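Report on one structure; see the data block that follows.
Just so it is clear, A, B, C, D and E label the chains in written order, and each chain counts residues from 1 on its own.
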């Protein structure tokens, strides 16, 4: 059975490569994302954004007259799953791949991404993926880098909130540690040090001891970095312990789906970082309204950014054709492209997004509090 | 024996039928997991010791090789050898306290030790890059030849697996294999028969750790990226299931189990969103209908075929 | 200083009670039938999801939701007995272990399909405010968990020692053969143990839902802690499970508060190693599972 | 005649119960000793002490002049003392011949690498061990079952296998705990023949047995225990006439001898 | 009362009992003597439903109970006191007795309270140990409790497996005296399997001798004591 299937697939692959020379009737857009497992919730908006973009493009007649087929493969929220899913998509000859946002997963696919050269978009924010570090020519970040976001949060704390003693509470993970080093670097540039730096495990559901240490350190601003569930726990316990410090949450803490999880009023007045607030700009209002209608949840920047990613691919193909190398080359010329979720520049670098905004939670909705460049 | 030869022939010819990197990638993972599961089977299946810390040994192997090759510029072969040795030593060190502790308590002890090791790996940031993960690990290269393509890598891994499985097959037929199984089936009786059970348990831990170390080193150079979160407890449970489903205490059981549990979820993708449900139910059905594992089934079929003759 | 100590003790006790609840249910099937149930994590998860469905989706009042959740989970336990455990009775314990691993995988995947990928939550009985006494913040829901655990353990102790059925359950667990000779139907007693175990899982899932976010993976971490508590306490001993759970919760909280949050898990696991090396049969190696 | 096995003053206490209380006796090469006594008199405990499973509170065991104090069971086996178990402790996952080969464990020397690479030395050693195992199986009448799984043996055959396994280590002393339980009369007779043949080769045997017909016909001497104490020692005829032993078996006061 | 007819039983590949037939009349004490390994315990297990016989029948009051599981047989009025007592170690004396209640306990006049009173009368020691856990009892106390547990179920017949095992002589003499007095006051029959021939012969109405899974002799105690059958079975010819 397995063997027969293998033969079939091998045949398919042959057929596909020979077809590539001719005109294809449809274009395949791949997506590697966690639809099951621990990260399924965090990655669901990306699927929404991508689906919406594909639908929009197809409604307008596709790209150069070719309809787009979206193929989604599940990572199962696991590292090997992510590698396998990426390879699975590759076997189906995609024009581009919308990839997972988990930096560890992207890093484990990195060899293949580089070898195969298919344009790949990711929302992984890790500074490790920057092109001057481990990034590669054909990997495009449709998100603002982690070298910028925590810095912006720290600057906001210092400059706007007038913080003197900043405490860091972060997940003991690649993401949380990235935040810690970026904040520490920002503070160091001003001759400061964090008042406290505490960590928790991703699965922890109690951070009271950490918060008590932060309280003892007399912090006036707490920056929290982690996954959405971590934020929910931290927010609740900050409130319970009656901490008076101002709080800045990392991106996961102000996603619409996360904000819904806070007990009523618990997070009121807390700040958070986002790449953008889709729908604030009148030019995006129409998009935001359609998104809200279609998926029955508030739009967020990550959905918008994947929407933008698909649109940029479409533009690149229209300009340079569907050849993978040409697509990558065309994408490399994108500069100051203003999408619904961010402003992107890929010229000479893979770090697309540049925008960081700070928002404040007020009455269960997020409101723009300031933006930092 | 005949089953083994058949499987080997199939494995050697497999790259002729699978062309793309997706299938090769799965094959790579399956081969590495065969090594890991075969070593684990030495403990679980042969000696009857349920360890939940085995993945930590796998991690030690992966990190040892990665650090030596990337940070110290040593050749791959040296890294792999060092991984095997260091992991073997770690296995022996785990075994020593484990001698005093039996049954479920041993399971928890190894689980806790394994977690301590995993967290220590994450904590040693200057050496292991901590939670960020270790990137930039090169493809294996031996005597100037680099196993760059998927097929080349496949044959390298296959060679390691063949050596490993042969090792276990030989071991099974020696006094060591018999002693391991004797400990599993009756520790006191084994001791009274003159089996130095303490030494044998340490040996079983050590050998299974060496397998984990080699598998870990190969994993690092195959995936080219490793991070502490990969070596998690859920992988331990997958490993346990591989040995149990395949058939514990048989040479080929872990081979079949590792292949099945790696390939089946991918193969089941055609049922779309339901693939993990079907996968889980398949594991359950296996235990219901094949309590001795798949190799147990094979053995009873062979026995039935042979009996009339 | 004292306030911090009390606050840490309180939070440790809350987590400890949660672990104790989980460990109690996990141990029940071990004591009654020798079954190590790796699907227990999913029982907890399903408890939380059922609670969310009843309260957040169907709009039932919280108390009714809790009651129904516990009952539905008991039914789930009954289903498990029929489909999973009864056919494997008398098989090697590892066979049952792998069966439950398979079912757990399937249940987890099914949960994503049924309840969607997003995290969910439940409201608490008393809102999200807290009251402060002597500088120590008391969160009503945490107090409820502690109180409920205490009451539950007391009730269970009473039920096991003061009621006919409880005594029979104990008897069947302690010596199935002798129990049969007393006319006790041990299969039915096991079924009861599974139902109770699942009901406890449901209760735990429901009660932690407001504290923990409800996700498909929430049960796994809890089961792991429960597993550790079960063994640290002493295999198959209910008393050990409760005390083991408390011990794990307190070690974690104090480790994070007074040593290092970075290494708190390492500390907790290292403590487990030390405990096992000093007492190779857990903290309470009761000669024979005293009181069940 | 010097004693091959000398047991003196063995005392073993469990909790408050004294299971063995100052038991002494000795055994010469080529002798067969019967150990009798009612249930719970301490016979099996004595075998467990001799084979190192239990550590006695007091007393000494000497095998061929060497003290066995503080030795682990496998060291005692290596020193030349082998045994069978009352409640059959075969290795269910091993074949019949492999069970016997485990019994030879303490005489095999090949290392891991030698085994893996199948060096000539390893092959010689394995071949010799296998030959011996097959000979032993033939001796106890299981020659037909060499490659079979243990499950295919009947209860009585399993007992015989256990004896073959115990013999594989070339012991000087063999302890048999109720070897006849579950054997038919003819099987028991065959077993008696086997033991007699071993005796000729200089093996000393201690046998616990309730089948008195078997014991009386086979043994040179009998030691009778009751309540952990030796209540009699002598030839079968002497024991049968010993009022303390008869009382211990048939009831009445078990302490008649004291 | 109890009739065992051509019973054959065994475990796995081995046959232990061969064509055993015996009867116990109402209120009779019948002893089965024999050395270890004769198959006495297997006989008990086959009679009380713990072991399914391979052939033959077990009849209680004329009704077949051969294929009933053990937990159902108790309700029919046959209680089995197993070898080694098997007291529930984690339950107190009182709880051990409570667990043994059946419908018959309540059908009998006075219900459970009367049964308890009777037990207290027979074994005052148990009343003193009322709240002590099972494992902490001495061997003799455990044996008393085991018999008391059987009595609580209000049986017509009690199967008693090696009551003297591991007990000091004075203790088991007392135990046999108690058995005789139970029979005298409530007319419960006993089938006793015993190694200790003298005590069993003292109270038994009828005796069977087993060897290697077969009944080799049967008769009145006095006759068998004359005959050397018992001594032969134990000490060989």
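Basically, a residue touches a chain if its C-beta (ideal position, glycine included) is under 8 Å from a C-beta of that chain, and two chains touch if they have at least 3 such contacts.
On a predicted model such as this, the values are computed, not experimentally measured, just so you know.
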Mutual neighbours - chains that touch subunit B and subunit E alike: C, D
Per Cα centroids, the chain farthest from subunit D: A
Of D-E and A-C, pair with higher C-beta contact tally: A-C
Centroid spacing, where centroids are CA-atom means, of subunit A and subunit D in whole angstrom: 72
Whole-Å separation of chain centres (CA-atom averages), subunit B against subunit D: 41
Centroid spacing, where centroids are CA-atom means, of subunit C and subunit E in whole angstrom: 42
For subunit C paired with subunit D, centre-to-centre distance based on mean C-alpha positions, whole Å: 49
Residues of subunit A whose C-beta touches two or more other chains: 35-36, 172
Pairwise chain contacts, counting only pairs that touch as defined: A-B, A-C, B-C, B-D, C-E, D-E
Residues of subunit A touching subunit C in the complex: 35-38, 40-41, 43-44, 172, 198-201, 203, 205-206, 208-210, 212-213, 216, 228-229, 232-233, 236, 239-242, 257-258, 261, 263-266
Complex interface listing, subunit C residues touching subunit E: 161, 164, 167-168, 170-171, 174-175, 177-186, 287-292
Of all residues in subunit C, those that touch subunit B in their complex: 36, 38, 84, 87-88, 91-92, 94-99, 101-110, 113, 220, 224, 227-228, 231-232, 235, 262-263, 265-266, 269-270, 272-273, 276-277, 280-282
Subunit C-facing residues of subunit B, complex: 50, 97, 100-105, 107-109, 111-113, 115-116, 119-120, 123, 233-234, 237, 240-241, 244-245, 248, 273-288, 291
Complex contacts: residues of subunit B adjacent to subunit D: 167, 170-171, 173-176, 178-179, 181-182, 184-186, 188-197, 203, 207, 249
